[in-house]
Structures are given as structure tokens and as C-alpha cells.
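Listed after this line are the structures, all set down as C-alpha cells.
Across the two complexes that follow, subunit A remains constant while its partner is subunit B and subsequently subunit C.
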Partner chain A sequence: MLINEIVIDDNNMGFIPSLGISYQLNETAKEIINLIKEGKSKDEIVQTIAKESGVDWREVHIDVEDFFQKIKIYGLI
Partner chain B sequence: MRVAISGLNNTDNPGPGIPVAKSLKDEHTLIGLSYDPNEPGVYQDFFEKVYLMPYPSLGYEEFKNRVVQIKEKSDIDFIIPNLDAELPLYIKYQDEISELGIGSYLPSLECFEMRDKSKLPKLSKELGVKHPETMEVGSLDDLIAATREFGFPIMVKGNYYKAYKAYSLDEAIDYYYKISNEWGFPLLAQQVVSGEEINFVGIGNGKELVGGVGAKKLTTTELGKVWSAVSINNPKLLELSQKFVESTGWRGAFEFEAMANGSEIYLIEINPRFPAWVYFSTQLGVNLPQMMLDLASGKEVEPNFNYEKEKMYMRFVDETMVDFTEFTKLLATKEK
Partner chain C sequence: MKYQKPTINRVDFALASKYGSPLKSQKIKSSIDGVSVNELTKEYGSPLFVFSQRAIEEKYNELYEAFSSRYPDVQFWWSYKTNYLDAICQVFHNLGSKAEVVSEFEYQKARRLGIEGKDIIFNGPYKQKEFLKQAALEGAKIHIDHLYEINDLEDVADEIGQEIKVAIRCNMDTGIYPQWSRFGFNIDNGEAYEAIKRIYEGKKLILTGLHSHIGTFMLNANAYGQETKKLIELKNRVEEEFGYNIEYIDIGGGFASKSRLKGVYQAPEVIVPSADEYAEAITNAIFEHNKGNLPKLFLETGRALIDEAGYLLSSVFASKRMPDGKKSYIIDAGVNLLYTSFWYNFDIMLDKRYDGINEPSQINGPLCMNIDIIAENIMLPPLDRESVLTIWPAGAYSVTQAMQFIRYKPSIVLIDKESKAHLIKDADDLEYIVEKEHMPEVLK
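== the complex of A and B ==
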């Protein structure tokens, strides 16, 4: 999975060293990517973010699902 | 060493000559070989002397006579040809050129032909890499048949130069005439593969890959030449380049052009020379033109793939002023 390669710098720019592609990330995207790289499942990611942000897990689930769809389209997972 | 270098065009369709010259200028005396006094590189002060060359289409005798004259006048030790159209001549007659006391570091004619655009599907199969479906086009009927097979968009390519993406039959026919009028036949029609274009410049010693750098084009000129790029480390591309050198016995410089779609790699083209972005590799600490001279001299050359990733390459425009007589002298006497 290309997402495991992504290197995130201090400006929240994610770089894929094998392809030279960059993505501008917000804090949540950065956190989701870091959790994916730690091997967490989608459900575990939803739980972690819901707990940290205090937002209802159902809302978080929709956003995380949407994010997974996007990175699938980008060929990162 | 006294090194002659061709490919001095340095416009928005840059040749590799100036990047090669920049890689060697500190250690060697350079002689420029030009086909046109309008080539900007002629006036960039990298060359002790610049000579106009006869067009390769005039054949070996013309070429040989000119090289002998240049050898007598400038005592060149080595030639680095950098243009696709002249390479067949240099490769075919590399032994004869060597007998004139001029070294070169080129692949065999067999290797050179193996990576010809029309033979790439076969080579790709041997290397175990995907290659976009390609059809040879010798007539409008062939082109129409190819568009029926591949649909749109479709790539219309010259066998040596030029490649355009056509989105309709009218556009494909326009490119067909544009390329064939300038470069002749055959043309190639190729399926378009989506993804990220990634490239690798390397040098083989006839047995193994000795050095190289990977890059992704960020912006290009209208002709697809790199204007900005970023250094990358793509293990699959490196492995493919190694396999290419080892299985063909490639000797000399080459550029691999590939498309990466997720983890899939499609081989698009193999150029049998340094690309115009080769100075990027020099700046990254992998001086491939210098490695070429060392390999040709029989020196022990340590493999070098050590370079920093995420470094950015940016081409820019520069200006200069020279006496107009430099131009007219080159035009009138074929040297300056």
C-alpha cells in the first residue's frame, strides 16, 4: 500500500518517495494516515478520532469512510 | 580529457548536450558539435571550440570526414552523442570511430534496436513489465484502425521524436501529418495509460547497472520535456532498470520512461542516451557523464545510487550577448 510510504512534513504536506506525488493534508487527514500506518482498522480509527474530538462516532464514521474512498481513488490503498 | 558533445539546443525543447557539458566542464576541455548556429548552447561559453556537423542523413563518409577534420584541429579524445537521430550512425560505426583515436561508450547495434519504440512490446514481455498496446502506423488506414482498437484519447508518436495525445480522429490525423511531414514513417499509435510519469536515468557497463537517479516530472514543456521534477526512490523502477541492463548487456547511458498506476508500472519508452535532465543527477551527486568517461577509460567505477530524495529540479531561462561575428563565423566557416 502506497499510503504506508507517505512521509508527512511539518507543513502537513504528505510526500510519496517512490512516485514523487504530494498531498496537502489537514490535521485530521494526517492523523488518519498515521493511524493507518500504525495498522489500525477503519473502526479503530473512527473510535480514536471520535474519542479525541468528542464528536459522535456516527458522524466521524461518515467522514472516515469518505476519506477512505478518496485515498482508494488516488490509488494509495 | 578532450570531450566532444552534441545536442546543444537549449530552448524549451532542450537537448542533453548542455546538461552533459555542465557535468564535465570542471574537469575536461569541451568541444561542441552543433547542427545549427542558432542552437543557444553554442554561445554558453562551455566549449573551447564549436564545429558544425553534417546532418546524419548524409551518411557515414560525410560524417567521418568531418570527424577526422575535428580530430586534427581539436584533438578530441572522446565523443558523447546526445541526439536520437545521430545515434544510429555513431553506434553502427563505433569501431571505425575508435580506430580514429576517438573513444565513445555506446550500446551495440543489436541492443539499440531492441529498445526501438516499435520493438518495445517484445522487450517489455522479456523484462516482465507491462507496456501500453502499440500499433505501427504507415498509412491513414492504419491510424483509423488503431483509433478503432484503442479508442480516445490515443497517443500518436514519431519513431524518434514527438508524441501527442489526440482526443478525436481529426486531432489524430492532424498529428499524423505533423509528425510524418517532419520525421517520416513509421508512426506509432499507442493506448493511453493513466498514472504518474516516472523516469530513471542510468548507465550500464554491459553487464550491470552502475549508477542512476529516479525522478518524477512535475511540469513539462509542450513537447513533454522536463521543466521541473522531484527526485524519487522507486524500487520497482530501479529493479526494472537493472534487469534491462543485465538482460540486454546494455553499455552506455539510457533513460527509462514509465507510468506508475498505483503499484503497477508500465514501460513507455527507453531512450538510448542521457536525457536533458541529466544535470539533476549530477547535482544530486551521481555524475553519470563522468562515470561514462571513467568506465570508458577502464577505471574501477563504484556503483552509485546514493542521492537525496525529495530534491527539486527547476529549469530556468537565461540570456547572454555575443558578437554577431561568432554566429556568422560559424555559419561561414562551420567552426568558431
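== the complex of A and C ==
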């Protein structure tokens, strides 16, 4: 998975060296990618983010689902 | 951890320009004339049409000043079809506008508001004889569209035992495309002259005016100069040949607003002529070509006066990710309320600044119809459910052309000059929708 290659700097700019493509992310996206790299499942990511942020997990679920769709479209997973 | 909806955008350096990154810019409108859009939707529901009396008056005064400072006798006639809400018409009537109507329904609406027949221009291609009779009896300014209408009016003149003052509507080549030629009589091929000759020979109607409406959303002020020149030349000729006294020329409407016509890539601020440019072209043509008495100058401006004073507030209901990666927002206002979205791109503004970077998005309405698209390509940050979007300009034709289709039509609010909101139309409800329906006994 290309997502494992992504390097994210302090400004939330992501870079995949083998593709030479850059991505702009926000804090939550960075957190999700780090959790993916740790091998967490989608459901585990939802639970983790919901717990850390205090946001209703059902809301987080919609956003994480949306995010996974987008990185799939980008060919990152 | 402060939660933000997760966003990731591939960096496309082609998107960057000297104007900055489209990934961060957000158009924000949190209030209209000092009234919070969130408060408005909370109190009156969403979607919600909102009109600004202040914006109407500013625009009216700007346009009226442009003409009246150049010409001695100018009269505005409020184009009812552009927006015939009672309160909106009343604002224009209070400012000095008379009424321009194109159907018996609009005529009756103007009369109901207390406008006298003599202060109504009755236009349009479809005027039934019974309503022509009412208009003639009440002294309305009837603008003839076709030869059958001359016959009908002559019958009415016989019936009421008096001559009727009329004007004819003319069309012509003014150098613009498409040329509006379906209404009235053509000046260039002599049809208008022949129609006037026919009126003269009938001896029951008296020609007192010449009218034309050359099109809508006219981006070329010179076209109005051409129109005025041809109307004035016709005036000169028929005054000389038939002894008519043409009291007025009516140059119609069609001045553009700051809406963005689809397919036009320049900003409205660049391509839409100013009030002064329109006024200069029209009044110069009169002074240059008129012989005899100066006619009164009538204008039926609609769109340019009301479009920018109208807003449609709509709330985000849900979102989803499209297979091509674009974000789709489902809002509670669709093409049922913005029929004009088939021709115009609107400014869509957010109620506040949202965290996160913009991503390619589209905005869909609530209708179960694939064509229900309000914005096909727009860069938006991650929006919440119930985020309030302000869609602008939505003052012209949106209310009159709004369809009761699938959903109820919404409430409408006018914000007065003291920033106080007034409900000027209730939202539809089931009782209102089914009021005129009948169930045959056999089906019960």
C-alpha cells in the first residue's frame, strides 16, 4: 500500500517519494494515516478517533468512511 | 484532540496562481444587512428566500439617477414577472415605479395593490379580449403584440364606444445574438410601419407609444443605442406621415445583473455595463435622432433592479463521496427553487469559516432527480450538517419561476432598512397544495 510510504511533515504536507506526488492534509487525516500505518482496522480507527476527540463515533464513522473512499480513489490503499 | 473532518487533497501546482491557493479561500456571508443567516433559518426555516429592501433601494436610486440626470422625463415600470411578491412590488411602487405586466393575472395583482389602470403597461403576446376590455376601460397602456390584437382591440373599442390609446411592440436587429424577434412587429422589414398604418386606417385606436424589449441579460449597452435609434426613427416617420403624437418610447428591460451566465468566463464586474453606460447609450440616441417633441422615456427594468437584492439560504442536509472522488453536498434547495441555475452560476457563500482545506465538490438539491445540481464544480471545505449556504444573486425570476415540485415552496423574508426581518410569504403546506384538487366520488 502506497499509504505506508507517505511522509508527513509538521505542516501536514504529505509526500510519496516513489510517485513524486504531494498531498495536503489536516490533523485528523494525519492521525488516520498514522493509525493505518500502525495496522489498525477502519473500525479501530473510528473508535480511537472518537475516543480521543469526544465526538460521536457515528459521525466519525461517516468521515472516516469518506476519507477511506478518497484515499482509495487516489490509489493510496 | 480538536476534531476536524479529515481531508486530503493531492497538490496540483497548476491550481496555484498569483491570486493564491484555491484550497484555502472561502467565501463567507454570515449575515444579510446585519441579520445573521443562522438566526434567519432558525426562525423562518430552511430553505429561505431573503430580500434586502436596502439593496433594492440603492440599486433603484443608482439606475434612476443614471437616467434622470441625463433625460428630463423618465419613468420606471416594475416588471412584475421578474418578481411579483406583493411586498417587493410595493417597495418598487413606493420608490415611484409603476407596473408592467404580461398577463391578466399580473394585471389583477397590480390592481389589487392599488395601482390604477393608467399606471399599468399591459404587455405580452397573450391578452384575451375580456382582459383587453378591462384594461382599455381602466386606461392601461396596452402594447400590441400582433395583428389579431389590433382586431380584438378594435372590437373592444366598438363595444365600449371609445377610441383606445395603444402602443405597439417592435423588434429589430440591434447587432446582438440571439435576436428577439418573436414579439411585436419587425422594424427592419417594414412590418412595424405596416402595423401602424393598419391601426391608422382602422380609426379606432390611437397610437401613443412605441415599445421594444430586445432581450435579456444584455451585456452590450450599444444594442440599446441601436434599439433607441430605430424606435426614434420610426417615431419621427409615423408622426410626420400619420400625424400621431408619440408620447413615449419604452425601451423595455434586459439590463444585466451581477449574475454569472454559464459559458461566460469573465467576472460580471468586468463585462456587465454600468447603469451610466446603459443610460448614456439610450439617451444619446434619443437626443441625436429625435425630431419634434421629446418623448417620455419608459424602462421596464426587472433583473438588474432585484437580482442582487435576493438571496436563497439553504442548509446542508448530508454529504457523500462520488465515485470520481468529488464530494457531493445535499442541500435543501434545488432546481425547484432555482430554475435559473440552468443558465447561471451563483455565488455560494458559507455562514462561517470552516476548518480544513477545500476540495472539489458539487452541490445537489433535495430532489430525487439527477439534474438537481446547483453547483457542479466548486471548491469547498468540509461542511457540517446544517451549515447554512447563501446562494446569490437570487432575486430575479427565482421566486416567480420556483416550482412546487416534490417539496413545498419555502418562506420568504424581507429585511427592511432598519435591519428588521419581516415574513412576506409563508411556506406552502399540504393544505395549500391540495386546496384546488377534487376527488371524484367514484374513486372514494
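Just so it is clear, the second predicted complex is superposed on the first by the 77 of 77 C-alpha atoms of A that agree within 3 Å, B and C clash if a C-alpha of one lies under 4 Å from a C-alpha of the other, contacts with A are read in each partner's own complex, and residues count from 1 in each chain.
By definition in this document, a residue touches a chain if its C-beta (ideal position, glycine included) is under 8 Å from a C-beta of that chain, and two chains touch if they have at least 3 such contacts.
In this text the structure is predicted, and so the values were computed from the model without any measurement.
Superposition of the two structures on subunit A leaves subunit B and subunit C fitting side by side, clash-free. Once the two complexes are laid over each other on the shared chain, residue contacts for A:55 go to subunit C alone; subunit B is not touched.
Touched residues of subunit A were counted for both subunit B and subunit C, and C has more of them. With both structures placed on the common chain, the touch criterion links A:18 to subunit B but leaves subunit C unconnected. Draw one line from the C-alpha centre of subunit A to that of subunit B and another to that of subunit C; the angle between them is 90°, to the nearest 10. In the superposition on chain A, A:75 makes contact with subunit B only, while subunit C stays out of contact range. After overlaying the two complexes on the shared chain, residue contacts for A:67 are found with subunit C alone; subunit B is out of touch. In the superposition on chain A, A:31 contacts subunit C only, with no contact to subunit B.
With chain A used as the common frame, the shortest Cα distance separating subunit B from subunit C works out to 7 Å.
On subunit A, the patch touched by subunit B and the patch touched by subunit C overlap at residues 21. On subunit A, the positions that touch subunit B within their shared complex are 2, 7, 15, 17-21, 75.
Touching subunit A in their complex are the following residues of subunit B: 196, 198, 215-216, 218, 229-237, 260-263, 309-310.
Touching subunit C in their complex are the following residues of subunit A: 13-14, 21-29, 31-32, 49, 52-55, 60, 63-64, 66-67, 69-71, 73-74.
Chain contact summary for the complex, subunit C toward subunit A: residues 1-11, 23, 319-321, 323-325, 327, 355-357, 382.
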